[in-house]
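Take this structure first; my questions come after.
Chain naming follows the written order as A, B, C and D, and within any one chain the residues start at number 1.
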Amino acid sequence: MTYREALRRALDEELERDDNVFLMGEEIGRFEGSYKVTAGLWKKWGGKRVRETPISEEGFVGAGIGAAMLGLRPVVEIMTVNFILVAMDMVVNHAAKISQMFGGKINVPMVIRTPGGAGAQLTAQHSQSLEVMFAHTPGLKVVAPSSPADAYGLLKTAIRDDDPVLFMENLILYNQTGPIPDDDGDEGLVPIGRANVVRPGDDLTMVAHSYTVRRCLTVADRLSQLGVQAEVIDLRSLRPLDVDTVVDSVRRTGRCLVAEEGWSTFGVGAEVAARVHRACFDDLDAPVERVGGAEVPMPYAKPLEMAAMPLEDKIEAAARGLLRDCGVL
Amino acid sequence: MTYREALRRALDEELERDDNVFLMGEEIGRFEGSYKVTAGLWKKWGGKRVRETPISEEGFVGAGIGAAMLGLRPVVEIMTVNFILVAMDMVVNHAAKISQMFGGKINVPMVIRTPGGAGAQLTAQHSQSLEVMFAHTPGLKVVAPSSPADAYGLLKTAIRDDDPVLFMENLILYNQTGPIPDDDGDEGLVPIGRANVVRPGDDLTMVAHSYTVRRCLTVADRLSQLGVQAEVIDLRSLRPLDVDTVVDSVRRTGRCLVAEEGWSTFGVGAEVAARVHRACFDDLDAPVERVGGAEVPMPYAKPLEMAAMPLEDKIEAAARGLLRDCGVL
Amino acid sequence: MSSSVEQHSPLLRDAAAARRILRQMVLIRRFEERTEEQYTRARIGGYCHLAIGEEAANVGAIEPLTDADYLFGSYRDHGTALAVGSDPAAVMGELFGKATGVAGGYGGSMHLVDVERRFLGGWGIVGGHLPIAVGAALALDYREADGVVLCQLGDGAMNTGAFHEALNLAALWKLPIVFQVINNQYGMGTSVAMASAETELWKRAAAYEMHGERVDGNDVDAVYEAASRLLQIAREQRRPALLETLTYRFRGHSVADAGKVYRTPEEIAAWKARDPIELFAARAIEAGVLTADDVAVLRRDVDTQVSDAIKEAASAPSPDVAHLYDNVYGDAGTGEQFARMDTAAPFGERRETRNWRT
Amino acid sequence: MSSSVEQHSPLLRDAAAARRILRQMVLIRRFEERTEEQYTRARIGGYCHLAIGEEAANVGAIEPLTDADYLFGSYRDHGTALAVGSDPAAVMGELFGKATGVAGGYGGSMHLVDVERRFLGGWGIVGGHLPIAVGAALALDYREADGVVLCQLGDGAMNTGAFHEALNLAALWKLPIVFQVINNQYGMGTSVAMASAETELWKRAAAYEMHGERVDGNDVDAVYEAASRLLQIAREQRRPALLETLTYRFRGHSVADAGKVYRTPEEIAAWKARDPIELFAARAIEAGVLTADDVAVLRRDVDTQVSDAIKEAASAPSPDVAHLYDNVYGDAGTGEQFARMDTAAPFGERRETRNWRT
């Protein structure tokens, strides 16, 4: 099953399970979703449960918040994360604040689904990975699955969560395939706030989220041919951030690399590195290595875009550098 | 001279120096500015140079960008940083992208001035420090002065800069007094991208920006009574971030504490800590200590607000903890 | 003239209704006067935006709301809360930052709330609550409920992008909502003419094929009549509306603003001559439903009520600092989740496990 | 009828004008057809939004612009760039991501630009460029310059908050700007009726006390006449306007969209029967200013021109990866500033100084 299909199945099942769940967003109905995640759902569930909107992100994210305050469970799609910037006030000043600001008397059970990422030459205004802005904001929860199983399980959990959850997808991941687990009683739910060791290893800890996890797995395979076993940890959730799982690993490996698709500076990796350094102060053989997108608005031309992205070769080079510095290679 | 007056003088002098400079924002004219920074300027310069706007942050930040593209030098005031979230798309998707996206053919010489910070019981929607969101964004420059001299010198530099500069002020700082330097040929300009050692010391490096620098200075004074000399570094600029100055200090002191008014997680201190750990891997006696605002939307009641803020006592406790861990105290 | 008043005013049909309306307005006025005083005595922090002068706009529009309806306000929300019937002691408690406040002391002046009365805030970002109110109306429609949403906003808020998106969505989706513009002619120091290309604000409704109309916002009868009618249409026909209530704030934008630089003394005086409370009291007396004595008694009652509210608020406990994190998330499981982030994490104020050197 | 056409159409007054207009429209059509082909051959990446069907709206509105004027477009900007006279080879170069492209290969399809012709982009966030265009008009007004801004937008963009704020500011400040809504009836798969409560989009101008009007966007004469008039009024009287040009995109939203799910074949056919190029060509022939032969020659010329543009673009060099960081900031000093952040910094792709273990 693809990541896209896993999302679709989760949406479909949650629409079935709970009448309060409804979808809202641009082009998610007749058009079947800009990236076809919601294909077929409008036909099946109709316009009330699958609500098509004008180009009014601020308006319909706000409407999602208001509906959630009255107990509905809106799942709002923002076509790509870049457009969430026009609704930033709704997310950061409103959704994140309501529970605290009204003394815990109202909460906002809402999911905002949105894909980020680059790689298709969509250029500066359509290639961002802005998750750190939300991960920085108390009152929000932020998840970013990298596999169909996690996409499925985390989306269902997010929909059932009583708080605003930013659900960060990734354009390249939509076609990623993988199994989703059989329902053995837990409905395949994946808890928010638990990282996942997707590949075990004792020589190096690689930490990532979303599509970059796949890249790290490729690099780990390459490294294994050099006799180095990298452990790859998928953060899955950025807020809350499961530091324990990372720290347990680094205590064992003594080496850590954090990779992400967004800009490194003030990025996700900064927080992870700061925490790992602190918790593993005596365990690290070398400083945590960070890899991220080049610090530029994404250019169009393919060679420039490739140069700006944290592709496998770049991650591998960083990993090798780190291992060399530690005398392993 | 107060910080407020230093800003006002810088604005006045730049309005005088260059016809292309104009101010734009809500209540900056007749009302003399919500925090009175622009008091008197509308009377002196008139409505063309000091343009009052409706409550349309997205609109007038955008208008600033467009005017800057044609070579004017708008200085846009956002009443408090919290409201910039409605103009986030203009700042992050537009101002930051234009130069790169149009192949370097157009640039955006604009300043956005805006105060952040908490402490006056303004609650969740009016107490934020969001600078990390901008510091994360290539294409922007971000400064955050802590003294009247820096406010004056950095604002003048920012206005003359050919790129979009986020000029982060702080509500509590407005009444801070201090000298501004005599013009000895450099017009008191302060370069963007240079941190400032505001207090020398060999036992501990304290890193901060904006109002938190003042808090660190107080803590440093308290610590000196224990025989500990803390070096206090004012970052002044977050993008670019002057890591060298911090690293030089930490190599000497072996201990580092980063404090900030915003939320720590994925905050400014994360980046500083990550870099210091990396660059000073063999120099640090203990992990970098981080202090920030409690991870909550700011509550109203005074005791809650005090508990949520990174006040002097909290910074001092963290510093003492760090020094104790290192066997200094 | 008195007969035509009676005819147009269901509020003057009986003494009970007239007394209730007048009392609400007087309560707001007195509460705000005492709030101002308490603010200057530093018992209230933050910003403080008073509704003095806007009593008729608040009471007239909120009076027709039923148990099925929802109410949203801006940050100038004391009058809104009192008009919807929130306990003055709990409102004052909130201003005092007490645990007994309507938001437990977490919200303050701008974020009053009363879930039981379906008053959903009290919002601080100008225009920001409009899409949210649309969402509430969407939920009512989704559930095929009988309720309707009344959403207040200022004249200044009409220039925000949120206003545009909210009104278009409400009209497009045929939602049960009435937007009440409390046009007090200024957003801080900015007059409507300085902010809005079309100064007859009600006309902007046409851009959304929405009904718009303007009434005298100092005439509680007129506001009541229009609000009743438009709420009914929204409820029954799912046709939203924009109701402009033209009024004036007698004070500055906030207690910190004298409100004089941008307005002339003549202008202020002219509006004070049309004090909404005086207008209605005079009319009720003229119509014979209340006596001057009734009014005096009522004023004394309200004085006492507000004094009692202040006393109650003053003696109430502050929220416990131990609960700083309790309301950040609505999900009970979240505390545990975040606790798992303990390792060297700056989440919370927990004593860190300094396991790096043990 | 031909005489009335002539009367209403300065474009048909002489053969040169008619030929120029027709040529521009044919150039856009042919360029876009070849672009589609090149895109499916994967020589062009990213999104690709074609202007086929909208030639008259583009050419008619842009033709009246003078050397003093500025032009802003949406992401559907190939036609805009060609209409303003940008070199087709440089436009194709941009689509091919070449250093010779109008944005040096950094912008791609959505971010065309031509500073010399005062065409200031090509913008990818729907509605986002509207406030920016207002700022350009503000700069013209500030400098008391003679210029005016033409700002194009789609029907879908009218529902964004940015639209509202931009139009209000333009009207309030009396700026020299004309907003041209290219109403092609859909924003992606969403019809105007599904997105906009008021479907006669030009009427929304009234909310800003702005002049609004609708013309047949497939009739280049009508567009030209209205645009000339409104630009003139904006220039001379500082009265902005909203011009709705009603047209249709023959293709899907982007090359990736067949454009059929949400539209009927009948609807598409009806619009194709009113092809703006055919309409104008027929009219020019009827009016006797061009012959059928002229038109055929012109089409062949354009074919060659576009083929040459493709060849030129194909053989042009890609931008040098060494320049990845060069355009991020306009300020020449910035490179040096950022270089100072070298220590363990992830800025740039520099080899880090591993000074921690030396």
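Quick note on the criterion: a residue touches a chain if its C-beta (ideal position, glycine included) is under 8 Å from a C-beta of that chain, and two chains touch if they have at least 3 such contacts.
A quick note: this is a predicted structure, and the numbers were derived from the prediction, not measured.
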Distance-maximising chain from chain D - centres being C-alpha averages: C
Comparison of B-D and B-C (more C-beta pairs in contact): B-D
Length of the line joining the C-alpha centres of chain A and chain B, rounded to whole Å: 30
Cα-centroid distance, chain B relative to chain C, in whole angstrom: 35
CA centroid of chain C to CA centroid of chain D, Å: 45
Chain B and chain D: spacing of chain centres that average the CA atoms, whole Å: 39
Contacts with two or more other chains, residues of chain B listed in rising order: 54, 56, 58-59, 82, 85-86, 89, 93, 100-101, 123-125, 138-139, 241, 263, 265, 278-279, 281, 286-287, 290, 295-297, 299
Numbers and ranges of chain C residues touching at least 2 other chains: 103, 105-107, 111, 123, 125, 128, 159-162, 165, 168, 172, 194-196, 327-328, 338, 344-345, 347, 356-357
Residues of chain D that touch chain A when the two form their complex: 45-47, 94, 97-98, 103, 105-108, 110-111, 123-128, 156-157, 159-162, 187-190, 194-196, 261-262, 318-319, 321, 324-325, 327-328, 344-349, 354, 356-357
Complex contact set, residues of chain A against chain B: 58, 82-83, 85-86, 88-89, 92-93, 96-97, 100-101, 123-125, 130, 132-133, 135-139, 238-239, 241, 262-263, 265-271, 273-274, 277-279, 281, 284, 286-288, 290, 295-297, 299
Chain A residues touching chain D - in the complex, by the definition given at the top: 26-27, 30-32, 34, 52, 54-56, 58-59, 82-83, 85-86, 120-126, 263-265, 286-287, 290-292, 294-297, 299-304, 307-308, 325
Residue ranges of chain D in contact with chain C within the complex: 159-165, 167-168, 171-172, 194-198, 203-204, 206-210
Parts of chain B lying in touch with chain D, wherever the complex brings them together: 22, 48, 53-54, 56, 58-72, 74, 89-90, 93-94, 99-109, 138-139, 141, 161-163, 191-193, 240-244, 247, 275, 278-282
